[in-house]
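Here chain A shows up in two complexes: once beside chain B, once beside chain C.
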Partner chain A sequence: MTVARFWRRLKNLYNLIGTHCEKCGGYYYPPRNLCPKCRRSSRSVPFKFKGLGEVVTYTIIHSSTKDFEKQTPYILAIIKLNEGPHLTSQVICDHNDIHIGMKVKSAFRKLGEESDKGMLYYGTKFVPMGSRDK
Partner chain B sequence: MRDVAIIGVGCTEFGELWDRSFRDIFVEAGVSAIQDANVQGGKIDALYVGNMSGGRFIEQEHIGSLIADYSGLAGFHIPSTRVEAACASGGLALRQGIIAVASGYHDIVIAGGAEKMTDVDVETTTDALAAAADREWEGVMGATFPGLYAMIARLHMHKYGTTSEQLASVAVKNHHNGTMNPKAQFQNEISIDAVLNSVMVADPLHVFDCSPITDGASAVVLAPAEIAKKFTDTPIYVKASAQASGTLSLHDRPDITTLDATVAAAKRAYKMANVTSKDIDFAEVHDCFTIAEICAIEDLGFVKKGEGGKATIDGMTAIGGKIPINTSGGLKACGHPVGATGVKQAVEMVLQLRGEAGKRQIDGAEIGLTHNVGGSGGTAVIHIFGR
Partner chain C sequence: MKSGIVSYGAYIPRYRIKIEEIAKVWGDNPNSIIDGLMVYEKSVPDMDEDTITIAVEAARNAVNRANVNPEKIGAVFTGSESHPYAVKPTSTIVAEAIGATPNLTAADFEFACKAGTAAIQACAGMVESDMIELGLAIGSDVSQGAPGDALEYTAAAGGVAYIIGKENILAKIESTYSFTTDTPDFWRREGKPYPEHGGRFTGEPGYFKHVTSAASGLMERLGTKPSDYKYAVFHQPNGKFPTRVAKMLGFSGEQIKPGLVVSRLGNTYSGSCMMGLAAILDIAKAGDRIFMTAFGSGAGSDAFSFSVTDRIDEIRNGAPSVEELLANPTYINYATYAKHKGKIKL
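On to the complex of A and B.
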């Protein structure tokens, strides 16, 4: 992604800020311009998630796109945040420990890099609950 | 609305066609479809072409104009429209063509699909395909297409006890079917062990659980049903054309193991054709990964949710089984030139329903279904065909 496109999302990616629908009370991460249930009849406001959740499903990626080559193999997972929404992120842990239902918490990490001279991406990954990682 | 028929089909070989360009392949597919339909260029009213990523694969946009031009149809100034819905681009181009004829807006329409994927390196192809997922919230986290389907597979295994052997049996069956399709990219048998021992791409999916990177093009000629017999003795009728959207991201799906766009499109298609899933004799489904075929036969209602793996390894979906699936070899063995796949599925329908499918011909097929998916399920396009 281009620098501008990434920069626009920094607040969300760094701080796990999504949206909250003032009408139905739904929580969304990634953030949404419109609540998919209430659409125009409501307003969505920014909401910072606690970053606690559990693994819904996962994979270990061995063959990646260029930006992630240096990280392979890595764990990619869908995580259900305690507030409700699901998101896609990486889980940093021993590959033998990852399992469906694993309790996890968010951690600030490098996401990827374009090339030796390109941009570094940072954002939110997840680590097992109880891990001393921050 | 008018009934619509397919009066001609054409398809290139599928594979790594190093010696042939994008132009070479779409012209070959288009010309063979037009010859098969026995129509003259001047009679063609419009062209719809499915192409996912000309911009990334061959650095060429404006594919509609290019195809009209190099097919020799620019002189007639016919409208030519590129249609994009990731891997469902072909199925959607077919649907646009059908709508154009059904509405009465056009009479003779070519619906085609073409993709040239091997002119760039594998990483570029992987990244271009990853653009079918949500770039800002999946791709940026390191998601790949095999990775997304691997997460579907992992949860399917967890919830329903589906095994790696059952996943592999999809690839084994489709490779077997591919041995009988002279246009297929892979025409060799493989074993369950070969799949399980192949390189891991995204656990639990091995490289033999994945459809390949493919060059290829396919085309059909559409006409109003009432005049179809002027062109051919064996028109194949479009009984239903349905399309549905789902969430772009896999993580937003209510059930990760169900492509609810497939469920919705199937419901519409069955209603339109006035049939149920039990009436379908055979189908070409979107097996971009082995797990995708298992989800497809469940979501289309051919088996109960969770039973797709067992049904496949038990032979229910083999040629000669209760409902043959992917007689062409599917995306797995016939190959998956993303923009062409949805149209190739229709070509297989026509060959089977005409009785021209050669060694892979199935007996007594009357009603067939095609199922083409964009991304991890953001778009589903389903067509039902009959004699």
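On to the complex of A and C.
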């Protein structure tokens, strides 16, 4: 990821800011300029998701791209946010605990780094809902 | 003083390593280390956790606990000796991640283990002078200890955030007093991965001289004595130092017990003393007075006197307590710990 590309997406990655169409009530993440249902008549506004959702499906990555090879094995899941949108994210938990339907919440984590002298990328991953959560 | 703590939040990674596991690798006697340090295990960051992620999680817990509007935060100061960037502030990332940008000032602080309390003082000063409405002071560290060094038994990970303001305060800052000298008891040179220290030199001329001087100075200024306080918390690089300094100053074991979290957590450096304060606030009642003295090598101490208000009961349960963050850890072996801490160079 280039510095400029990360910087443009930074608010979305940090705080799960997507869009909400005030015409049809749809929620989107990542954000969309236009609502895909309402097209030119859409009324899209920025929307901050609560960061709560559940695991729709998942896989455990053992053989990754170079950027993530130090993290293997790791869990990659499709999360359905409570507001509706689906997104792909790592879930940080014991590999024996991950399951479809698991309730999760967002957490602020390091997503990667360019190199040992490059930029650090931060953003949202998910962790299980548990006793630590209010 | 007119300012105080409006909210607070803590964060502790879920991983722990036991002293026995580290001692096994280096051929040390675990029992003598546990007896000497009064530390049984320490926290370890996940592979994707660092000072910034920990600071953000603690700050979010502080914002959520009292339902604070982040746009009212006019300053973010993060104290740490393990900022991931040498040049690029931790505090700007924290401010963005809690939604406090762009109308605020931000800076990173560094003063060994007391950078977080220095940040509290800076926030209090700005609040009292009406420069800002709210200030966010954070102590966060993924402490470094060289493999095989004595520091490796205690260097832990964690962070605590305090929101300072004048309204809706849960604990009033009655006064603060600092004692600072040029004492080279501990340092890390630019570009070096691990700190060096003066061994036993960190004790008497470092920790004990500065903590006792700041603590005595504050009590003299306020005209208070140890028995005026329900709780006391001192910087806890291990369990032995704060226990001994409390006794030297006239505080009882009962006063320091609720804030002495180091035995199960290790030394979270900039978060150390502030974590003990958070643990005390988790159980404190209106009217309780709390005495705190932080210490940072290099060297200096910041002493504080707090008075808890009845606001504490309204917001206490809005974020995880230190006890909840310490519960149900995942224990790892030394190899996994080395991987998490980046001690294995590929």
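Methods note: the second predicted complex is superposed on the first by the 131 of 134 C-alpha atoms of A that agree within 3 Å, B and C clash if a C-alpha of one lies under 4 Å from a C-alpha of the other, contacts with A are read in each partner's own complex, and residues count from 1 in each chain.
Keep in mind that, in the parts below, a residue touches a chain if its C-beta (ideal position, glycine included) is under 8 Å from a C-beta of that chain, and two chains touch if they have at least 3 such contacts.
As the structure is a computational prediction, the values presented were derived from the model and not from experiment.
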Check: Putting chain B and chain C onto chain A via the overlay, clash or fit?
Finding: fit
Next item on the list: Considering only touches as defined above, state whether A:77 meets chain B (first), chain C (second), both or neither.
Entry: first
Checklist line | First, second, both or neither for A:107, with chain B first and chain C second | finding: second
Next item on the list: Classify the contacts of A:40 with the two partner chains as first (chain B alone), second (chain C alone), both, or neither.
Entry: neither
Check: Which partner does A:11 contact after superposing on A: first (chain B), second (chain C), both, neither?
Finding: second
Notebook entry, point to check: When the two structures are laid over each other on chain A, which of chain B and chain C touches more residues of chain A?
Noted result: B
Next item on the list: Check whether A:120 is in contact with chain B, with chain C, with both or with neither, and answer first, second, both or neither.
Entry: second
Next item on the list: Working from the superposed arrangement, determine the closest approach of chain B to chain C, counting only CA atoms, in whole Å.
Entry: 12
Check: Just which bits of chain A does chain B share with chain C as contact spots?
Finding: 71, 111
Checklist line | Complex contact set, residues of chain C against chain A | finding: 46-50, 52-53, 56-57, 60, 64, 84-85, 93, 96-97, 99, 317-320, 324-325, 327-328, 330, 346
Checklist line | Interfacial residue positions of chain B with respect to chain A in the complex | finding: 123-124, 126-127, 130, 134-144, 146-147, 150-155, 158, 199-205, 249-252, 256
Check: Tell me, which parts of chain A touch chain B in their complex?
Finding: 1, 5-6, 9, 13, 30, 56-69, 71, 74, 76-78, 86-90, 100, 111-112, 121, 123
Note to self: Under the stated contact criterion, what part of chain A meets chain C in this complex?
What the structure shows: 10-11, 14-15, 70-71, 92, 94, 107-111, 120, 122, 125, 130-134
